[in-house]
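Reading through the structure tokens given below for one structure.
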Amino acid sequence: MLVQQIINGLSLGSVYALMAVGFALVFSILKFSNFSHGSVIMLSAYLGLWFSNRFDVGLFPTLLVCMIGGGTIAVIIEKIGFKPIRDKNGPLIYLFVSSIAISMFLQYLMTALLGGRFFMYRPLLKSSSWRFAGITIPIVNLAMLAASIVALVFLLYVLYRTTIGIAIRAAATDLSTPNLLGININMLISITFFISGALAGIAGLFLGMSLNVYPQLGGLVLKAFVATVVGGLGSLGGAVIAAFLLGLLETMITAYIGGAVTPMVSFTVMILFLLFKPEGVAGLLGLSSGSATQKL
Amino acid sequence: MKKSLVIVVVALMLLAGMQVSAAEPIVVGAIVDLSAATALWGQSQARGIEMAIEEYNAAGGLLGRPLELKVYDFKMDVQEGITAYQRLANQDKASVILGAPVSNLLLALAPIADQVKVPIVGEPSDQRATTKSPGQPWPYIFASQATCVDYGETAASYAIYELGLTQLAVINNKGNAWADEIAEAFIAYAKEHGATIVSREAFNWGDTDFRSQLSNIQRAQPEAIFVPEYLQEASQITRQAREMGMDMVILGPNSYTPPMVELIGSAADNVYFVNNVAFDLPQIKEFTARYVEKYGIEPTVNAYFGYDNAVIALEAIRRADSANSQEIRDALEKTENVQGLIFNYTFDPVTHRTDEFIATVIKIENGEYVTVGQYKPVKK
Amino acid sequence: MAYLDVNNICVSYGRNQALNNISMKAEKGQIVTVIGANGAGKSTLINAISGVLRYSGKISFDGKPLPYPAYKAACSGVIQIPEGRKIFPNISVAENLILGGYALRDKSQFESRLQAVYELFPVLKDRKEQAGGSLSGGEQQMLAISRGLMSNPSLLLLDEPSLGLAPLVIRDVFNLIKTVNAQGVTVILVEQNAKQALELADWAYVLENGVFVAEGSGEDLLADDVVRRAYLGVRDAT
Amino acid sequence: MNSYLASILIFTGINLISVLGMFLLMGLTGLLSFGQVGFMAIGAYVTAISYMRFGLPFGAGLLLGVGVSLLVGLVIGTVTLKLRNDYFALATYGFAEVIKNVLIYFSGYTGGSMGVFGIPAIVTLPMVIVIFLAALVLCRNFKVSKLGRNSLAIRNDELAAKVMGINTFKQKLLVFLFSAVFGSVAGSLLAFSTYYIEPNMFNWSKSVELIVIVFFGGINSLTGVVFAGMALTLLPEILHFGAEWRMVIYTAIIIVTMIYRPTGLFGRWELSLSQILGWIKGRRKSAVGRGGQGA
């Protein structure tokens, strides 16, 4: 029972984690909560659905299309919704409000276009879950777990081992000086959004496969927001770990106290945690102890 | 140049004159959700209403006057619903107002309609929307649908007396009034009739993962799970339960209607649900075919309700022989044997609802909706 | 045509004219200094040349129009070392230098540039794993200059490099500028610290309220009465 | 008066009262909060329950709601305002969710998901207008007072504000409590003008609506925010012709405006009483009267 609940928690956490990586990436550089991330997830889910049905292809081509599509959508959103505000030196918080307005717009747009209909992917996986010894592991969630870990490792590699990645990290504290070194900061931001959008594309495909595809699918991004903030200081590793902790916490409360009180208890626990660990999960793990090479 | 201008002006004046001379249309209002989370139902409902209005207009309208339909979106927001009602009543001078496939708006509108005095025909399954206090109806609200209690009791009765299942589990969103009301009625009935609720699980708005609750249910080993939920949640709960190897009977209300099977495929097998209507009835089939031809999309149950609400309202106008809201209200109270797609409606003047609820139980088998038959709960 | 040729440029912030028809020249290998009080428009001038600010008028460099915006200017060999150093505090010293080499046209030069910088500033090599923000003010200035040198610039624009540094460190910084210049890098130096800047300069301009009020060789200006009174703190005998 | 117009104006007024609270908190002080809807819920439920169950008059219930909101705000604020700003945003989001779930869970008092039903029509348009004007005057005086300048200082640079000798925590708490009171009053009025309240009416999307209004109007202009509150409440009514495209058009208008006016619709422009008087005079005399430029 406990084992099954831990698996349930990790599988829920994997959903949150996959969304949180992309969310935290933009959060760490542009310092705002990008709620349009949810819309990119939602649109990618539709894109993958259309593509896999139209061309009758399997998981991997669809995944590729979702990643490229999600990345492109995110860049377009950045160019239309955020860049003009940055160019006019609008306050940071306007980016956040703009991202909310954009996500509302896209949700209403898809509802108007498709009449609020629900869609389902045809099976891209041979089976949907593994069962042995009375324990069930949902395969899509396993894939999400793998994807979020691969994404995290890949991102850490890019951020710490490539010049572009170093530039992205530098831009997290200073958006103007990189220009003086010959770094095209707009390009850098576009790259960041592309990566974030590609991650949203992966999340969109897997969420679409495990849930249905519908205009409100992106609403789950609120959990990514929670994980990112609890993760602390825009730390990617902190956000991913916080996402898993959040999944486990919610599952355990639901399993042993009752689903009706889950939001009450989980938020209380979170606030208490932040009171005692004001550095967030990143602080808990010593990921932000001031040394640059350590901060994820 | 000048000459042509004169011709245009004269033509316009003639046109305007014609419109004045033609009978003033009777305005029928509708409040539905076209843009938010329940847009699928709202749009279906609006189209059902539209088809009814077009039929009546094709037959020459009512009282020698054409019918004009005004549909307002309220995006699931009670405040917007209230202003839409006020607008229809005051601005558009609607004679009667249809709609809202959800109860919460009608709960807010009931006392307002009491002052504004334009009747509403909708399908709130919350008893309180039509009943002010026991034995006293809200005078201006009428419902074409049965109550949550009816759905819950019917499902419980069917499980206990027809399927012989007495170890039952219930899972629903505590924040969804409709779901919770049905769930409570189910539980109350089941306990009264000797069944045991072995597990009662809850979740919250926005949840998409129900494995934790389902694990608890699985451990309690029920013979059937009752899932009174909206489409999205019901589809996920059913699918996740099947993934976890829970092959037992799943019971539900009318949210298991299409597109459920389309969404979760074989996971929907072994589901029994309480519906308002059998899909294989000739009038439903004929209407569905016309709907698909006209709009290029399958209707949801709400299209049938929309159509029926319109028919109930329009027949009341015919009987009242007046477009006056008060007189329509009085006529609505005397609705008797009005044949709609779903029911033959006769309103009980005390409850403002159909006087008798006969459910149709449908089983999902090999991805097909199989009508089991009409069913009335066993009463003690 | 001079190596750097600034021709009648104007910059304004909204209604405020910050630079009014400024023209200046620098020959290859020179150190050219611009001195002026706070708010005279010195940083604006530097930012215009390095492509951070939009301007009207023409700037040519090495016979070609200077590209805009800043990252393109940087890629063509014009590197600004900004006021307040602006090293990246959250990444390591080595990573700061890697970004410094971003505009390097010939990437194979990177290692040799790095060695050259480490030779110039051995302390940076010792601290290469440390976060940029953990360095002292003087070390940060060294890092900022080294970061600028990484891309092997042809023209170095320094904005108040002495700001906030101790006098001894300032001397080091100015010596360093001389060394860099001796290696063939043309330098535009903007300073409030007029005396030391003028001592260094081959040619100098005095900026006041967005216009040049004087120009001449460093020595001439050091001897100029008006300049002495306004910028070198020399009082009238009365 | 046409009751359609009246109901629109009542809802606009109620929205505006809540928005004014958000303006103080987010616009003036720069604290991102998703919690306003939580205080609206407290106001609505306390007033409604105390009226329906204990026969407390509306006015007393409203004040009781304010009292409870202050108490809750004090606890939440004390706990979270010392933390970083994004934690505060998260905490306020959590607070609103918790309130919603408390209302659902403790159904014995609140009716749970079924809500409170049959609330009488006590709120009238003049009442809303009077309360709104009072809130507006309070808000305006707050903005131009020392408190307002302290808030601005915190928004611009909290550390610098601290150095200037402002007790930033106290100031933030004060503003938070102000906004809680505004939200609570709006909630009380709302309950008695929708006649029915349920937890789901107090969703986070409602807070988002208020946030959008504040930024649409501009964080530096009270006039802009009031205008935005009216415009964005009326716009959906005007757009009804769009049917299912209504909200698409609505959000598109918001986005385009935000992109072209990233400092809000009115920037720093502020309408003042003396200006209005100036205009009136100017028109009367038709002389030099130039309708002054705002600060």
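Each chain gets a letter, A, B, C and D, in the order it is written, and its residues are counted from 1.
Here, a contact is a pair of C-beta atoms (placed from the backbone, for glycine too) under 8 Å apart; a residue touches a chain by one contact, two chains touch by 3 or more.
Just so it is clear, the model here is predicted, and its values are computed rather than measured.
The chains that touch both chain A and chain C are none; no such chain exists. Farthest from chain B in terms of Cα centroid separation is C.
A comparison of C-alpha centroids places A closest to the centre of the full protein. Separation between the centroids of chain B and chain D, computed from CA atoms only, is 35 Å. We define each chain's centre as the mean of its Cα atoms; on that basis chain B and chain C are separated by 74 Å. Note: centroid distance chain C to chain D, computed from Cα atoms, is 50 Å.
In this assembly, the C-alpha centroid of chain A lies 31 Å from the C-alpha centroid of chain D.
Residues of chain D in contact with at least two other chains: 100-101, 104-105, 244, 247-248. Chain contacts: chain C has no residue touching two or more partner chains. Along chain A, residues 108, 111-112, 115, 222, 260, 263 each make contact with two or more other chains. Contacts between chains, counted with the stated touch criterion, involve the pairs A-B, A-C, A-D, B-D.
The touching residues of chain D, when paired with chain A in their complex, are 26, 30, 32, 79-80, 83-84, 86-87, 89-91, 93-95, 97-98, 100-102, 104-105, 204, 208, 211-212, 215, 219, 244-245, 247-248, 250-252, 254-255, 258-260, 262-263. Residue ranges of chain D in contact with chain B, taken from their complex: 2-8, 11, 100-101, 104-105, 112-115, 117-118, 120-121, 190, 194-196, 198-201, 203, 236-237, 240, 243-244, 246-248.
Those residues of chain A that touch chain C in the shared complex are 163, 166-167, 169-170, 172-174, 176-185, 290-293, 295. The touching residues of chain A, counted against chain B in their complex, run 1, 4-5, 8-9, 11-12, 15, 108, 111-112, 115-120, 128-129, 131, 136, 138, 211-212, 214-216, 219-220, 222, 250-251, 254-255, 258-260, 262-263.
Taken together, the chain B residues at the contact with chain D in this complex read 34-36, 39, 43, 71-73, 75, 78-80, 82-83, 86-87, 89-91, 104, 107-108, 110-112, 115-116, 126, 128, 132, 173-177, 180-181, 204-205.
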